[in-house]
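As written, the chains take the letters A, B, C and D, and residue 1 is the first residue of each chain.
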Amino acid sequence: MITSQAEDVIPDSWYNIVPDLPEQLAPPRDNTEDFSSIELLNRIIPKEVLRQEFTFKKFQKIPEEVAEAYRQIGRPTPLVRARNLEKFLGYKGKIFFKYEGATVTGSHKINTAIPQAYYAAQEGVNGIVTETGAGQWGTATALASSLYGMPSKVFMVGISYRQKPLRKKIMGIYGAQVFASPSSETKFGREMLGKDPDHPGSLGIAISEAVEYALENDYRYLLGSVMNSVLTHQSIIGLETKKQLEVLGEYPDALIGCVGGGSNFGGFTYPFIPDSREIDMIASTASEVPKFGKGEFKYDLLDTAGILPSMKMYSLGADFVPPPIYAGGLRYHAAAPSLSLLMQKGKIKHDEADEPAVKDALRVFSKTQGIVAAPESGHAIASAIKYAKESSNSGKTIVLNVSGHGLLDLSIFKDD
Amino acid sequence: MGSLISPFSRMIKMRKNLILYFTLGFPDQGTLESFSRRISQDEVDYVEFGFPSGNPVYDGPKIRGTHKTAMSNYRPEDGEKLFRDLLGKGIKLYSLTYYRDIRDDGGKFLSYLKREGFSGIIVPDLLVDYSDSAFSAIGRIHEAGLDFIPFFNPSTPDRIIKEISSKTGSWIYYGLQPSTGINVPFDTGEVAERINELVPGREINFGFGIRNNDQVRELVSYGASGVAIGTALIEMLSSGDEEAFYSYLKEMRGVLDGK
Amino acid sequence: MITSQAEDVIPDSWYNIVPDLPEQLAPPRDNTEDFSSIELLNRIIPKEVLRQEFTFKKFQKIPEEVAEAYRQIGRPTPLVRARNLEKFLGYKGKIFFKYEGATVTGSHKINTAIPQAYYAAQEGVNGIVTETGAGQWGTATALASSLYGMPSKVFMVGISYRQKPLRKKIMGIYGAQVFASPSSETKFGREMLGKDPDHPGSLGIAISEAVEYALENDYRYLLGSVMNSVLTHQSIIGLETKKQLEVLGEYPDALIGCVGGGSNFGGFTYPFIPDSREIDMIASTASEVPKFGKGEFKYDLLDTAGILPSMKMYSLGADFVPPPIYAGGLRYHAAAPSLSLLMQKGKIKHDEADEPAVKDALRVFSKTQGIVAAPESGHAIASAIKYAKESSNSGKTIVLNVSGHGLLDLSIFKDD
Amino acid sequence: MGSLISPFSRMIKMRKNLILYFTLGFPDQGTLESFSRRISQDEVDYVEFGFPSGNPVYDGPKIRGTHKTAMSNYRPEDGEKLFRDLLGKGIKLYSLTYYRDIRDDGGKFLSYLKREGFSGIIVPDLLVDYSDSAFSAIGRIHEAGLDFIPFFNPSTPDRIIKEISSKTGSWIYYGLQPSTGINVPFDTGEVAERINELVPGREINFGFGIRNNDQVRELVSYGASGVAIGTALIEMLSSGDEEAFYSYLKEMRGVLDGK
């Protein structure tokens, strides 16, 4: 494991790709003629987050309080040379992995939950609300809220709520109140329950409930992925990685990560983009949710309910019904606008990994590196293994982002 | 002071532009004509006209609303009357038009604008949705004898700002918000400083979401060449309140003149 | 989080307290007249481990392969200034914690599993076998065996096996074969099952089965705690901590850790002992298993079955039946001989924490530092909080060892 | 070579001690007497006697077994006969005795040893189980006119080795194993070097678990003053194989003399 003094590795500022994109990012669009969901964001999202969402600035200073919180939650995360994996694969080059599972909440999600909660607290809001599917985002939000002394509410997709009691529990330990969504806490939830008292819920419904709750209670809603501001906060992953590689005198030939909404991938890769050096940047998605392979680059809804504005992005359609795959965090129908643009321009490539390949990759990584990675991260690992096995890639320096650990998702190994 | 005169402080001494935006056909020809009568070079520099669009995607709900009305109200001869009137008073005319609405017309709209005395055209969706066609579109605009007014906003990459600015010598329209009439938080000073840094010495007028005098003063203090007002006029237009409009123009001119 | 270059923080050698003890450590004793269980160790324990068990050497060079494995599994672990906890307590001094939960298996246990497995592999043994109660040790053993390509078998106390399916699962992912003990794999296990087909098992029985399995199959048995060699390996915790504090210009007034067998506590504190400076070293045990408070310093059995030699140590008696507390790792009836000796000589103090205090401490630590610590570590945290609250300790520099995370033990929060 | 003669190389030139251990009463007086007859100064330097103990805790199973037999066999007059015999041949006698067996006898045992011509006493449990009484016990041993032979092993802290060594001028007994006759792995050279470093120039004899000639050679090469053999004799004693015993003594003397 390679780390340096925290002070040197944690950057002073986040990096915002927008001013460095090859083209202008398409602005958000309202979904209905006579109402501005863009403007509504003012009442939903902390002001400073909204400012960061649309800023032209390449670098956004990390407030000292946030930097301290980053240190408290386990940053910088380690960059590890995966020597055991290299040996196992007989790979001639080097494989490094950045391990975001080393944060206290177990994934990169805390990187953005902290600044968002911090800015909300600065504004003196009543509390924090969000939705969660797989549970990682709710966990990060719960802790971040607690760190700034704010109550938090998490609308957890009903079926996950029932299948993942550990997730619910840990959010509770962090002080969050967790509702199975649809819930009777909101008008929208009650409406859904009215239709079907055993409604399994969906991310779309959970977002709708969270946003309604925010509006009704003057809470703020925290964004878990997709948005620019989130990718900006996540740039800490890539900035640290760059620094850690620099200390070792290394530079990547390939950067590989998984894509749900695109935040860990964007945060990991974007800081390398201004270097304009030849890097294979490979975004790994679930075969079952082939947003780049089968999706279209178009304006589409962020949330199924259409409360939030539309964005131009690769999407399978907001009404895409993802199969109930183990990697809940990759089920989102679309990818961040900036990532979509870079993909469309050919700056980023994509790969797909399916459940059997991912389970295999997770097992290999567990046995060689000792880390039971999150199922989402398993896609990155599977794609990295595939990449390393291609003879044309022999001898390259591969850096892969392991976005989280999977200790609270061990149930995916149920049948074994 | 002293010998250290920055381009900004030099620009501050020049007259700042007041730019008005109207959607043609909103709320009706009569109101537009009476408002137009109140416009003079004493206060106003340019007028931008939006030609009715079926899908003004980068406009906010208020301006979107005007297009809806305009689509049924607007007749070309009405517009032409307004154009002549304003040109006669020395006001420069610009068209705010979506590329999607004109890309397939074989250059008819551009020739029309030229004929009608327009100085240039602002195409807010060109760099976003039709970036591959940007250079050829700019070429065609120039060929038609019109200025292409680059439309940038905080999301426009630096490289694009430099490249597009260098392709044209006209002023630049900088949209402060993701769409017209929207108000998401941003730091006015930072935004203004940054664009001045990227295209130093260039005339930059700011628009999209300008709401109050303080904001205008701040923009001016950071070297803005002028401001464009659109959404703020809609209520006066709707209520036909010509007097309010006139005093608004006076007030805004005062603010721009640093009074 | 404060770390330095891994190379500088990970020590070259482990530290062995034995030559620096205030008195001679009592040698192990055989339990029966005509048979030497000490000699039997030769057939049970890897040779090099046995050598280290009885060595006079203060420093034991860490083989380069082991150092590399340490880096692979997350060493050095972070030393974090617990600023949020300080704030919460209104504490005027500084509180640091060393976080052993940051290793890939989630506790300090891997620190000794790796060298033991490494030495076993060097000897070319057939495989590795051990017992586990709470599951942390079995998890570490499973991974370490897998890293060196050896099969591993874990006899898991039957009741834990049934109550902690996640533990069983993760050992399985790491490649271990896990048996509920008593099992039908051994003569001893079959005997126990014969008496009671629903036998809940005990650590004593599990050890007996593991040792029998080792002897029958020419496997090697790995030791999880109590033994000198284990405490020597665990000294990496304290050596890193010392270095990390040094970089910060800090020195502890108090070192606080929890004690099951004593390995994390000994490993954490011993490297500070040769400094001969005034430090409050506080060993926190479970009130329910008051080995120092109510135990006797005497020769006693290591394992209930008496296969292993006796040691002179604080013990509640090998037949002590611990209550079924949440912190399974603290249920052991005795404490390491060296630790017991230091306790008896007054060099180390002890504190006790009970279940409600520990649950409280775990919640506070979760909400302030974001870490859901292991229930065992919760005792250290509870004792540290208590220590910080005493007015006479105001302004001191407290360093506490958080031996593991509790993500696989969330069930202790069942009733909340 | 040259001028760099280390204390070790000097010691190597001296005759190395062969020390034998017997449990009094094992296997029986007759066998012990016949073995004793084979002992002479040509090979042997010291003989250690274990007085039968009900609980020889730091002995391995073989020597523990001898105590069991000895407890019923042993009569003081038998021992005294052996003592006289060996003393007559110039062999020094030492007693290996557990402190727990003598601490409460008011010094009777010590006076007895002195009377019987013993040079000193080895007390393997003193520093371990009775460390608080160590100094007073050493004092009483000295008062009785006996040498206190410090018994150390790899677990003895450095500080204790130095402190206890400085309290007495006699030779040191260094137990290589945690108990007699046990064989856990260790690095002979390292162990020998270390103790020589701690008490340089001191006579140090090694015992507990010495099994083979190579080990003896290695100890000698690292500066050992001698070795004590106990468990290795038990089988010969049990089978009464006097001849084997005698050739063992010759062989061991040869090894010690570097042949």
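Just so we're on the same page, a residue touches a chain if its C-beta (ideal position, glycine included) is under 8 Å from a C-beta of that chain, and two chains touch if they have at least 3 such contacts.
Note that this is a predicted model, so its numbers are computed, not measured.
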Distance-wise, how many Å sit between the C-alpha centres of chain C and chain D, to the nearest whole number? 38
Just the number, please: Cα centre separation of chain A and chain D in whole Å. 71
On a C-alpha centroid basis, what's the spacing between chain B and chain D, in Å? 106
Tell me, which residues of chain D touch at least two other chains? none
Do you know which chain A residues sit against two or more other chains? none
Given which chains touch which, is the overall layout a line, a ring, a star, complete, or other? line
Which pairs of chains touch each other in this structure? A-B, A-C, C-D
Touching residues on chain D, where the partner in the complex is chain C: 57-58, 60-61, 64-65, 68, 127-129, 131, 152-160, 177-179, 181-187, 190-191, 194
Under the stated contact criterion, what part of chain A meets chain C in this complex? 1-6, 68, 71-76, 78, 80-84, 102, 104-106, 110, 143, 146-147, 166, 169-170, 172-175, 247, 362-363, 366-372, 407-408, 410, 413, 416
Inside the complex, what are the residues of chain A that reach chain B? 18-30, 33-36, 38-39, 41-42, 47-48, 50-51, 53-57, 312
